[in-house]
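Given below, in the form of structure tokens, are the structures.
One chain, subunit A, links the two complexes that follow: it is found with subunit B in the first and with subunit C in the second.
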Partner chain A sequence: MKRVVWPLVLALVLAACGDAPSPARLRDIGALLPPLTFTLHDGEARTRRAADFAGQVVVLYFGYTHCPDICPTTLARLAGLVRRLGAAAARVSILFVSVDPARDTPAVLHAYAEAFGPRVVALSGSQEQLGALARRYRVSYGLGPADGDGQYEVSHSSAVFIFDPRGRARLLATAEDSDADLLAGIQGLLAAGGNERWDGAR
Partner chain B sequence: MNSAAKRLLLTLLACWQGVALAAPQVSDAWIRWLPGDLPLAGYLTLHNPDARPHTLVAVHSPLFRRIEIHRSLAQSGVARMQAVARLELRPQGQVSFSPGGYHLMLFGRAQALRQGQTVELLLQFDDGYQLRAPFAVRPATAR
Partner chain C sequence: MQPDSAWAYLLPWEFYPAVVLFCGGLAWLYIRGWRRCRHSARPAGYAALVSFLTGLGLVYLVMHTYLDYLAQHMFWIHRVQHLVLHHLGPFLMLLAGPWEVLRAGLPVSARARWLPALARNRPLRLLYRGVQYPLVAPLLFVGLIYFWLLPEVHFGAMLSATRYQLMNWSMLLDGLLFWWLIFDSRPASAVGRLGYGGRIVILSLVVPPQILIGAHMALATESLYPVYNVCGRAWPISPLTDQQIGGLVTWIPSSMMSVLAMLVLLRRWMREREGAPLRQGSVS
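This part shows the complex of A and B:
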């Protein structure tokens, strides 16, 4: 009996003492993906870098504004959950990265982010800047053929990446994860603190 | 008119009314507002109280240049949309258009839309039946 129990106890102790215990039931990507690093621009055409968000839990999502269903549904959900954090919401930034810079000018990004409230920042960049960020988090995107009106669809990753205040990649969420798990994941990263350091690029 | 003809006429009338009562219905219809002239998604639940199927084939409104029936798909972590040419409602069945699934995709606003406003869309079925449905315009953050 003891031979069965001891490895289990050891595993529990190791899990509890680990440097970065996973706070929730979302997929732990701590060992899989590198710290947050990017150079993009926002709705005011200002350059924004990952280090600007040091000390914040960053919720990163790739999309495009001409996406009427999945993208706004995801942003509405994330913004609604973060609002439930009350005062702590100020320490969370939801970064919507448009992979469609041709249509998503800074003016479009500005109006779009505003529609989802103060915690959403809409960003985009050059193809090189977007490509570098997408490769870093192993996401793909692609432009579909244009229709008669010049409208086209953009296929994009449906994953939500969550970074801790040090910029470390920590959790991956999808539409299948519950509100409770997402909220617990973000709360866990906020409670873990670690605001004094930054692991991403400067 | 003799009584037999009268009876036949009444039966036909009742029958016709029965058909009209059994036509598809709409509930929970809303549009997610987005700024500018970005394409919008419309959501609703379609009910078919009839004993025979009805098929939605088109949606029109003078408020939009073009309306398509779409379905969102997430395949191996990639989000896409697919146009749906016809959507069959089974007898006594219902289909819900909801975030992340079926949606009406509304392209090209003819005039500005306000949150809180109600707009009418015309749903066209394969048997020629047309259904006028009011859609509430909700904020971007609606769920």
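This part shows the complex of A and C:
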């Protein structure tokens, strides 16, 4: 019976790991997460939807502007990498989603995004909107206890989700991935043809 | 991402109609059947009622409340979830020997038509015989634990909503099948009933692999499941501490369930030898 079961288990394992070939050495999440869908607001308090970014490679990252280290370093790194793309940078948007809307008002978001250059868009939303997005991409966040000045830490996911111009979830990057891999991943998604369609929500 | 009121902890994190149908349907069938059997020649006792509903209630709690969120964002709570889905919940449900009661709970037409048709269905019977074959059942039981804990597979299951559901349902269904085989409460003369000795052997076979994988996780010095780092943990806790607790949950209580089941079986075995007929739906 073992003879039957083990090849079966192996086949399942291979099926679970061996999805479509990845354009880079970042983790391929093509089969795991749904297409980009959200309704949030930006630094001008305008409503922004996922479809606004159709035709662009979207780099999605969750954080908050009072974040002491991880968020600014990650954003600076991503913005620096995208700048290296030259003219193609115009087809990449880095979406920074603040999960701390109480402190991150549109004005704060606007100033924060500006510090990282033109390709960064800072977004936030109501608890329902943020919750829906976090649930969709299976990330968690939580507010820590407030100190004497009413300041608090926010725990959040460290994942960088990368979507292709059709809005499909494609790659997952973490702090451990190299600049070269990240750049190759984004370039791969930009180079792939057939991007006229949009798979996310309108 | 915390509920704002105490009640909200009991609300589903994600609404799954299948869980509501499954748990609600079984609870309805069981309670209906239990009341019908109440005055029959072979009533099921209160102990059986409590055991079945507790097991079913636990399954519902880990799948359809805030615990479901915690299980997605904390490794050790995920292990507790699987302990309930694969061991504790089905253990308590099948300990109650619920089949006669559930059958009595069915509407008459279903009992007269569907059940015999299902029992006659050849592919279904073959499949059932296959998965309950004394060598396959323990292999499937342990194999599923190992499969979903392969780091790559685990990563996918925690990121993809579909795979996560598949993982939890496969654990629950296999748990039900396994403890069904172990706590088969039909009389010794029933066709295809596995003897007590064989069941005890199966129970002892599944212990060492569970200890092994539990210890492997509890004693590992590096994080085996980075997906919880990537997606964020439910509250701040070091990844290794999370993994160690998760390993211990897989190691100790899971193996204890086998020992408990052996004690139950030994007691039933002795009673059967003494010639006392098992009461329908008796718990011990």
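Keep this in mind: the second predicted complex is superposed on the first by the 181 of 202 C-alpha atoms of A that agree within 3 Å, B and C clash if a C-alpha of one lies under 4 Å from a C-alpha of the other, contacts with A are read in each partner's own complex, and residues count from 1 in each chain.
Rule of thumb we're sticking to: contacts are C-beta pairs under 8 Å (C-beta built on N, C-alpha and C of every residue); 3 or more make two chains touch, one makes a residue touch a chain.
On a predicted model such as this, the values are computed, not experimentally measured, just so you know.
Asks: Quick check on the superposed pair: does A:Ala180 touch subunit B, subunit C, both, or neither? Answer first, second, both or neither.
Replies: Neither subunit B nor subunit C is touched by A:Ala180.
Asks: By the touch definition at the top of the document, which applies to A:Ala31: first (subunit B), second (subunit C), both, or neither?
Replies: Only subunit C is touched by A:Ala31; subunit B is not.
Asks: Now for A:Gly131: first (subunit B), second (subunit C), both, or neither, which partner does it touch?
Replies: It touches subunit C, and subunit B stays clear.
Asks: Mind working out whether A:Ala159 is in touch with subunit B, subunit C, both or neither, as first, second, both or neither?
Replies: both
Asks: If we overlay the two complexes on their shared chain A, which of subunit B and subunit C does A:Ser140 touch? Say first, second, both or neither.
Replies: A:Ser140: touches subunit B and subunit C.
Asks: Mind working out whether A:Val108 is in touch with subunit B, subunit C, both or neither, as first, second, both or neither?
Replies: A:Val108 sits against subunit B, while subunit C stays out of touch.
Asks: Using the superposition on chain A as set up above, list the residues of subunit A that contact both subunit B and subunit C.
Replies: 139-140, 155-159, 174
Asks: Considering only the defined contacts, which subunit A positions touch subunit C in the complex?
Replies: 1-2, 5, 9, 12-13, 16-17, 27, 29, 31-34, 131, 134-135, 138-142, 144, 155-159, 172, 174
Asks: Over in the complex, which subunit B residues touch subunit A? Could you list them?
Replies: 32-36, 38-41, 65-66, 70, 72, 74, 77-81, 99-100, 103, 105-108, 139-143
Asks: Looking at the complex, which residues from subunit C come into contact with subunit A?
Replies: My answer: residues 1-2, 13-14, 69, 72-73, 133, 135-136, 139, 143, 147, 150, 152-153, 155-156, 158-161, 163, 226, 229-236.
Asks: What does subunit A use to touch subunit B in their complex?
Replies: Touch residues, subunit A against subunit B: 63, 65-73, 75-77, 79-80, 108, 111-112, 114-117, 139-140, 149, 151, 153, 155-159, 174-175.
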